[in-house]
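Below are two complexes that have chain A in common, paired first with chain B and then with chain C.
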Partner chain A sequence: MSLILILIPILAAVAILMGGKAKSLATGAAALNLILGLGSVFSWNHGVWDLSLQVLSKPSIHLALGFYDGMSVIMVILSVLVLFTAVMSGKCPEGREKLWYSSILLIGAGALGAFLSTDLFFFYAFHELALIPTFLMIGMLGSGERKEAAWKITIYLSLGSIILLAGLIWLVAASGSETWLFKDLLASSIDAETQSGIAALLIIGFGILISLFPFHSWAAPAYASAPAPVAMLHAGVLKKFGLYGLIRLYPMVSIGMQDWLGWLIVLLLGNILWVGFVTINQKRLDMMLGNSSVMHMGYIFLAFAALVQAGSSEANPLAIPAAVVLMFAHGISIALLFMLTDTIRRKTGTVELAELGGLAKAAPRLAFLFGLGAMASIGLPGLANFSGEVLVFLSGFNGYTGNGLGCVQIATILALWGVVISAVYMLRAYRQTFQGPSVAHTNSDHVKDFGPFCQIPAAILAIALLVVGIYPNSLLHLLKKEPAPSLETEQASN
Partner chain B sequence: MSSYLLEIIVLIGGLVLLLIEAFISPKQKFKVAYTGIFILGIALFCLFFAKKGFSTENTELTRFYAFDSLAVFFKGFTIVATILALLLSLEYRKTLSKFTANPDSEDGTGEYYCLFLFACAGMMWMASAKDLVSIFVALELTTITSYILVGFMRRNVGSLEAGVKFLILGALSTGFLVYGIAWIYGATGTTDLALIGDQITEKNSTYLLFGLALILISLAFKVGAVPMHLWIPDVYQGAPTPTTAFLSIASKASGFVIMIRVIEPFLDSELGSKVAFILAVLAGATILLGNLAAIPQTNFKRLLAYSSIANAGFILMPLAAWNAGNDLTSKEVVAFYLAIYLIMTFAAFFILVVIHRNTGSDDISAFEGLGQRHPVLALMTAIIIGALAGLPLTAGFWGKFLAFKMAVTGGLWVPVVLGFIGVAAGFYYYFQIIRAMYWRNSLDESPIKISPLSLNIIAVLTVIVVILGIWPQPVYWLVGG
Partner chain C sequence: MDSFVPWLLLALPLLSAVAIHLGLKRNQAISAIVSTASAALTLILAIVLLLHKEDVHVAFNWISIGGFAGIKIGLDLDQLAKGMMLVVTGVGFLVHLFSLAYMKDDSAKARYFCGLSLFMFSMTGIVLASNFIMMFVFWELVGLSSYLLIGHWYEKDSAADAAKKAFLTNRIGDFGFMIGILMLWGITGHFTFSGLEGWAAAPTTFCATCLGIAVLCIFAGAMGKSAQAPLHVWLPDAMEGPTPVSALIHAATMVAAGVYMMARFFGALTPDGAELSALVPVFSGQTIAWVGGITSLLAALMATQQDDIKKILAYSTLSQLGYMVMAIGLLNPEAGMFHLFTHAWFKALLFLGSGAVIFACHHEQNIWKMGGLKKTMPITFITFGIGTLALCGFPFITSGFWSKEQILEAALNKNTALFVIAAFVAFLTTFYMFRLFFIAFLGKSRSDNADHAKEVGPLMYVPLIILAILALISGFQPVAQSIAPAYHHEGFHMGWAFGASILAVVLGFGLAFKLYKDAAEDPLAEKGIFKLFRNKFYLDEAYAKVVGYGQDTVAAFVHFFDELIISGFLVGGFSRAAGGIGRLFGRLQSGNLQGYAVLFGLGVLLIIYLTVFVS
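And now, the complex of A and B:
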């Protein structure tokens, strides 16, 4: 069944390349995916979604799809939400509809494939499938210094993927597992010394993909010059691949990760504080958002560091839910902000903060939605990011029994400062863009507010932020369920 | 029925074709190629559908001639490669005819097609050769034919220069081979590789290793590995493109079969670790050199030449991590890698010929604006280039994946690290093509003309690359593992 979720966008992309009606096909496919994806919440742990085909016998690799646990469900919901809104947002240049829509769909298919894979190999491979159209779109249809940005992201992410692949091959070889299926891998064990080396490769490999400091410099320019849907999909969904992978594989290298805890803390503080200050200094709205997205990865890493310090998800039961909720919240909020920034660019012709001002008078609905996204990003209570960030900070101290403050606890205290930093840059950007006197290209003669149709995607994302913000249990209850219902039935029958 | 009838079909077919060719009018020369393809088709049919009917028993040749799954696979491989090379020659014949005795008529292109059949017969024999003498004879049949194929455009300075370089270095490598065989024969008193394996002792190991090193140098020439890689870029660039494709695929593959046959008894003996160490050094050096030297290239044909060196390095890796056990064996990985390499490299050469016919240039800059000039061809090129770079979900990934897996299992850490550096470099230089196609615009906006034959072949090869990318198991069926 899960194959359908991946096949719908791929087949739609092929149909578009063959000459089908690009926009309606893409919207239809994304809408169908949205319905199926949201529907999967109710049925994900009934075997209907599972699929396993052996594609290679030596080594044994399966095209295995399905919802491995609640984390996969949440990431799939994030993917279908952002995919649907990405298809509907942004403005395709004349005559490039085929490339535009098929690329968006392929990126979405790759992301869904990665999160639905229950085989390590296809988990990796689908992510690569999503990267290629990302590179092409930035290079061909981006804005500003698109070629430099595209070349940079290509080199960085390819390098990251290769380092990651080295780590994964080593991981599987060291585990002695017969297959590449998650369930077999996670059931095997690796001796402590080997774990350390594998953990280092995984941190660097996934780290580059997540834009962990100091491997983050590709992110902001790429997002700034990427077409809006690509920025939404990459910053919102694809980047979460790395964190998802780290959390998924963590049990296999839990001892090895301990060796790198100190480094991890330093790097994630680099993300939160260093990149935070860099963000304050940005003069353009899109660059600011790109940097803020890099900065917020630091919080998720903080939850991961808390997990590493505790040693297992049993010792710190808050860490994984914290990371997952924040991944979801950040994905939705950054997608919303990138979408609206693109709207501002198209309506006013600029995203230089100095050239904007007073947009709220001409476009109140746009101002409201952007404000909502900005507030979410800061972490205002009632919005999804708040639930995530609070959980992250709580997880920093959860289950800690040492004397005095440990490194994770000190990092948590320092990371709280990040909330102030995000408030500074987000509020300043909001004031610069929407408040104050209007200038020539932002007054109501020149700028029209959102039409009702354009509001739909933004409204969907805003509602998602509110729902998770007010009732975070909507996500958390998915993470609490036992991942293997078949196990329970077996026990019951015994 | 004796299995060497397969070689006889191809060889006699080639000879008869050469005789008939003399009586065909210049305009009809292309029919020679089609007849050649037909002959090879028969051989391929016999190979796959009458495999069980063949045997080597009760023939005088048993001592020299093996008909195992390795031989069957590489015979099929050679025939398919030759068929594709002939099809490529058909597409290339306009360029070829410019440099014959009678320019712009196809007079004098007929022999070119026949030569492929002789080379094919030699390579088919190489796939079965299991005695140092038969290895030498089969290798020479192929090599001498290749000299002519490389220098065929004798009124073109590039082709001529390539031919001379190839001849001189080829003769040198033959010298190494004979000298190596002499040492091994001297130490063991036999040229039968199976018997040599039993004769390896501590006492004669020095002589044997010296002889083996000489043979390995000569085979490095054949497969394009360090230290005999220097001829590759110049010869590949200067030779007619079908010859280049043939050399970089069929010739490399038969070099590897022979390498497997020669090193197998040594790797299974007590000298195994020493031989494996030599191979690991060769693999690491070849990967590093091939990939790093490819980075600054601006000519696509030359880029493919360096990529061919780099791939030789990747194929050496599983051999260095020798495993003959019942799990994934080194032989299977090599065969698997080469099968996929054949598909993607031939597709790349077909694309090159199409681009060359339209723009008159082999440079990477000739690909500029292809995204607009022919979107379908650009998409297929992107997939093939992605496969060459080793992107997941394309066939090219699996070859590298298995090679790396083998090396990691065998604990060859230095070659593995160098290999990953090589793959990263590969992303850089292969993606230059994609960058040129999509991110740059060409001054010439006219659409690219492509013959239906080329378009169909490229499309079929691309589809195979994608299907095998998701489902590589069929390659194992061919490999017979």
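And now, the complex of A and C:
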């Protein structure tokens, strides 16, 4: 069953490349995926979604798919939501429909594949699959300095992938596991010294993919010049691959990770404070959002650092839920903001903050939805990001008894200042774009607001933010369930 | 009592806000009526709950995680909460009524009433919250509704800037608030007020200094919401919002939330009448009291030289909030809450009265362009006069007297220096209020707008009359004992505190009479130290410089280094090297990006396969 979720977008992409009707095929496939993906919430732990097919015997690699645990379910929900809305947003240049829609579908398929893989090899390979169309779209259909941005992201992410791959291979080799299946890997153990080295490679490799400071400078320019659906999918979904991977593999290197706790904390504060200040200084809406997305990765890392310090998810039961809720929330909110920024660009012809102003009067729906996304991203309660952030802060203080502050507590306090920084740049941007008197040369008095139909994709994301914000247990109850007991393995030798 | 009734207090205003936003807003009049009706219903509910003497507690799970106690959304209705609900819904309903007339011709009336309903929802959440996390949630939502309402006329740069400033200043306070909540959780293991109460009854060993710091961090949140120095700068600017909003949010309720929160917190630390000083270290209490005292003094000095009627009232609100905070810091939260209760009525009265004046004078706010309103607006004149007397603490017949007396007594007992400050502030209060009163209402009219002023209609004057009655009676013992959130009866006696407050009223009135009875312009303006008061001690300018030269310069500097070193040099060197390899590939292959990407994909897969196969 889980194969279907991945195959639908791939088959639709193939059909588009063969000359099918691009837009309707893509919309249909994404809609079907959305329904199936949301439906999986109710049935995922019954085993019907699982598949395991041995594709290679030495080493033993399986095309093993399924929901490994609640975290996979949440990431799949995120993926199908953003994939559907990404297909429906942005404006495809005339005559490029094939490339545009097939790339979006393939990025979505790759992300789904990574989150649904229960085998480390395919987990990695699906992510690679998703990167290729990402690079192509930025390089060929991006805006502004697209070539340079495309080069930068390609080089960074390839480098990150290769370092990561080295780490993964070392991990499998050191574990002595027969297969690359998560369940076998996680059941094995690695000696502490080796763990430390593997942990370092994982932090750097995944870190580059997540835009961990100081490997972050690819992100903002890439998102700024990427076509809207690509920015939405990469910043919203694909970037979470690294965090998902870190959390997934963490139990295997939990001792080794502790060697790097100090570094992790310094780097995550780099994301929150350093990049936070960089974000304040941005003059363009798209660059500001790109940097803010980098900054907010720091909070998810903070939850991870709390987990590392505690040593296990039993010792700090808040850390993983915190990271997962925030991953989901950030994905949805940044996708919403990138989508609407593209709308602003198309309606006014600019995203320079100094040239914008007073849009709320002519476009109240756009202003409301953007405001909702902006408020979500600065952690306003009632919207999903707050649910995640408050759990992150609580996880940072989990186990604190009042006698002296540990390094994670100090990091949490400094990270809290980031909440002020976010409010500074987000409100400044909102004020500059939507409020104040209207600006003549962008014609802001005559900008057309969203029609009732055009706002649907944005409204879907807004509703997701509200649901998780108002009732965080809606996501958290998925995390309570134990990992699927055992995979129904259908051995098929090759 | 059915357990769903308390939830209605939250649900009604929320439903009203959502309904207006999602559809009703096309019909402005219906939106206004729906919002006002929800306010009326919540007022009735609040009264019913107040008459129902038992405490009510309801809750549901909001965040549950195995191995963690979880966070609930729960409502605690005890005397403190019920009395506060009466203030919120009472002032809220009257402000809704007043707004029906005041905002009659506004083109975005629906959005305005949607904001009011959202505010009522959020404020109710703060009042009834059963734990600190939930309080923080609604705390921020109150900040949001205040942001939306200050920025109601967002096309105006000044309104949009004021809204942003209010939100950001509050965020700085909330930074401390969250740290405080986290520390308190670490020390006591609880977020809930009932849990804290249980802990305080039999405290585990804890580090007293840490608790003191946690108390101060939590107080930082109160400094933001209740606009205590140095985070006070947003409140005067918030007067950019419509005047009824100033009455509801920026005088009676939201700004009092900080005081309420501290009273709730300190209440939880004193189960069964235990002494607060047993748990709260001296330095915390002293710091809080001095913050309050300094705020009340600075704000009162600034109020003496303002010309905008709303600004005078705004600074006066700051100053009175300083009184309440001082009482909290003197570990006498009952006195603070009592003053909050009486102040809510008479300050709402004064703000709505100023709204009536502004409305009648065609949006003129400068008191020097008013004058002679006594004849043209008699009802507003009398009710405003009652409000003025109550704020000055005119002895025996006004509510303000009784509550201010308790604060002065508390200061006299604990800290003589603060007592002197408080008494001096009482003098300043009488002085600046009668300055306002003489200039705006007496003498001759000084502008065409004031000439043509007419008394406002019943939708506006009825709320004024009701509030005027409450401004008089709400301080009397039988009234206060039954409806005030917290009231501790202390027998009145003629002592230093009474003497000081009489003297303050007499001197303040006398000086204002002498200087402003028939003045056409301010004799003190631009003179020496008064220039400093007029310019708000230049604090706003100083902050603007700090933000401009501090934050923005740092940001520009960091950005520069980010581009130069990280992007350009360190990691850039990397990418140049990799770019060289890329070019090499490029020469070998088709040379364009598409080709590279395909090659990259295939290459990676090949490398993976080989590595895996070989191992």
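The criterion applied here is as follows: the second predicted complex is superposed on the first by the 474 of 494 C-alpha atoms of A that agree within 3 Å, B and C clash if a C-alpha of one lies under 4 Å from a C-alpha of the other, contacts with A are read in each partner's own complex, and residues count from 1 in each chain.
Here, contacts are C-beta pairs under 8 Å (C-beta built on N, C-alpha and C of every residue); 3 or more make two chains touch, one makes a residue touch a chain.
Note that this is a predicted model, so its numbers are computed, not measured.
Enquirer: With both complexes overlaid on chain A, does A:93 touch chain B (first), chain C (second), both or neither?
Expert: It touches nothing on chain B or chain C.
Enquirer: Per the contact definition in the header, classify A:17: touching chain B only (first), chain C only (second), both, or neither.
Expert: First partner only.
Enquirer: Tell me which partner A:63 touches in the superposition: chain B (first), chain C (second), both or neither.
Expert: first
Enquirer: Touching A:129, do we find chain B (first), chain C (second), both, or neither?
Expert: The answer is both, since A:129 touches chain B and chain C.
Enquirer: Name the contact category of A:403: first (chain B only), second (chain C only), both, or neither.
Expert: second
Enquirer: May I ask you to name which of chain B and chain C touches more residues of chain A?
Expert: When the residues of chain A touched by each partner are counted, C comes out ahead.
Enquirer: Check the residue A:140 against both partner chains and state whether it touches chain B (first), chain C (second), both, or neither.
Expert: Touch partners of A:140: chain B and chain C.
Enquirer: For A:54, is the partner it touches chain B (first), chain C (second), both, or none of the two (neither)?
Expert: first
Enquirer: Considering only touches as defined above, state whether A:152 meets chain B (first), chain C (second), both or neither.
Expert: Only chain C; A:152 stays clear of chain B.
Enquirer: By the touch definition at the top of the document, which applies to A:321: first (chain B), second (chain C), both, or neither?
Expert: In the superposition, A:321 touches chain C alone.
Enquirer: If I apply the document's touch criterion, which positions on chain A are contacted by chain B in one structure and by chain C in the other?
Expert: 56, 58-59, 124-125, 128-129, 132, 136, 139-140, 147, 150-151, 154-155, 158-159, 162, 165, 169, 173
Enquirer: Which residues of chain C touch chain A in their complex?
Expert: By the definition above, chain C touches chain A via 61-68, 133, 136-138, 140-141, 144, 151, 154-157, 160-161, 164, 167-168, 171-172, 174-175, 178-179, 182-183, 185-187, 206-207, 210-211, 551-552, 554-556, 558-559, 562-563, 566-567, 570-571, 574-575, 578-579, 582, 593-594, 596-598, 600-601, 604-605, 607-608, 611-613, 615.
Enquirer: Which residues, counting only chain A, touch chain B once they are in their complex?
Expert: 17, 54-59, 63, 98, 124-126, 128-129, 132, 136, 139-140, 147, 150-151, 154-155, 158-159, 162-163, 165-166, 169-170, 173
Enquirer: For the complex, give me every residue of chain B touching chain A.
Expert: Contacts found on chain B: 327-328, 332, 371, 375, 379, 382, 386, 391-393, 397-398, 401, 404-405, 408-409, 416, 420, 423-424, 427-428, 431, 434-435, 438-439, 470-473, 476, 481.
Enquirer: In the complex, go through chain A and note every residue touching chain C.
Expert: Residue list for chain A touching chain C: 56, 58-59, 61, 121, 124-125, 128-129, 131-132, 135-136, 139-140, 147, 150-152, 154-156, 158-159, 161-162, 165, 169, 173, 214-217, 274-275, 277-278, 280-282, 314, 317-318, 321, 358, 360-361, 375, 380-382, 386-387, 390-391, 393-394, 396-398, 400-403, 409, 412-413, 416-417, 419-420, 423-424, 427-428, 431, 434-438, 471-473, 476-477, 479-480.
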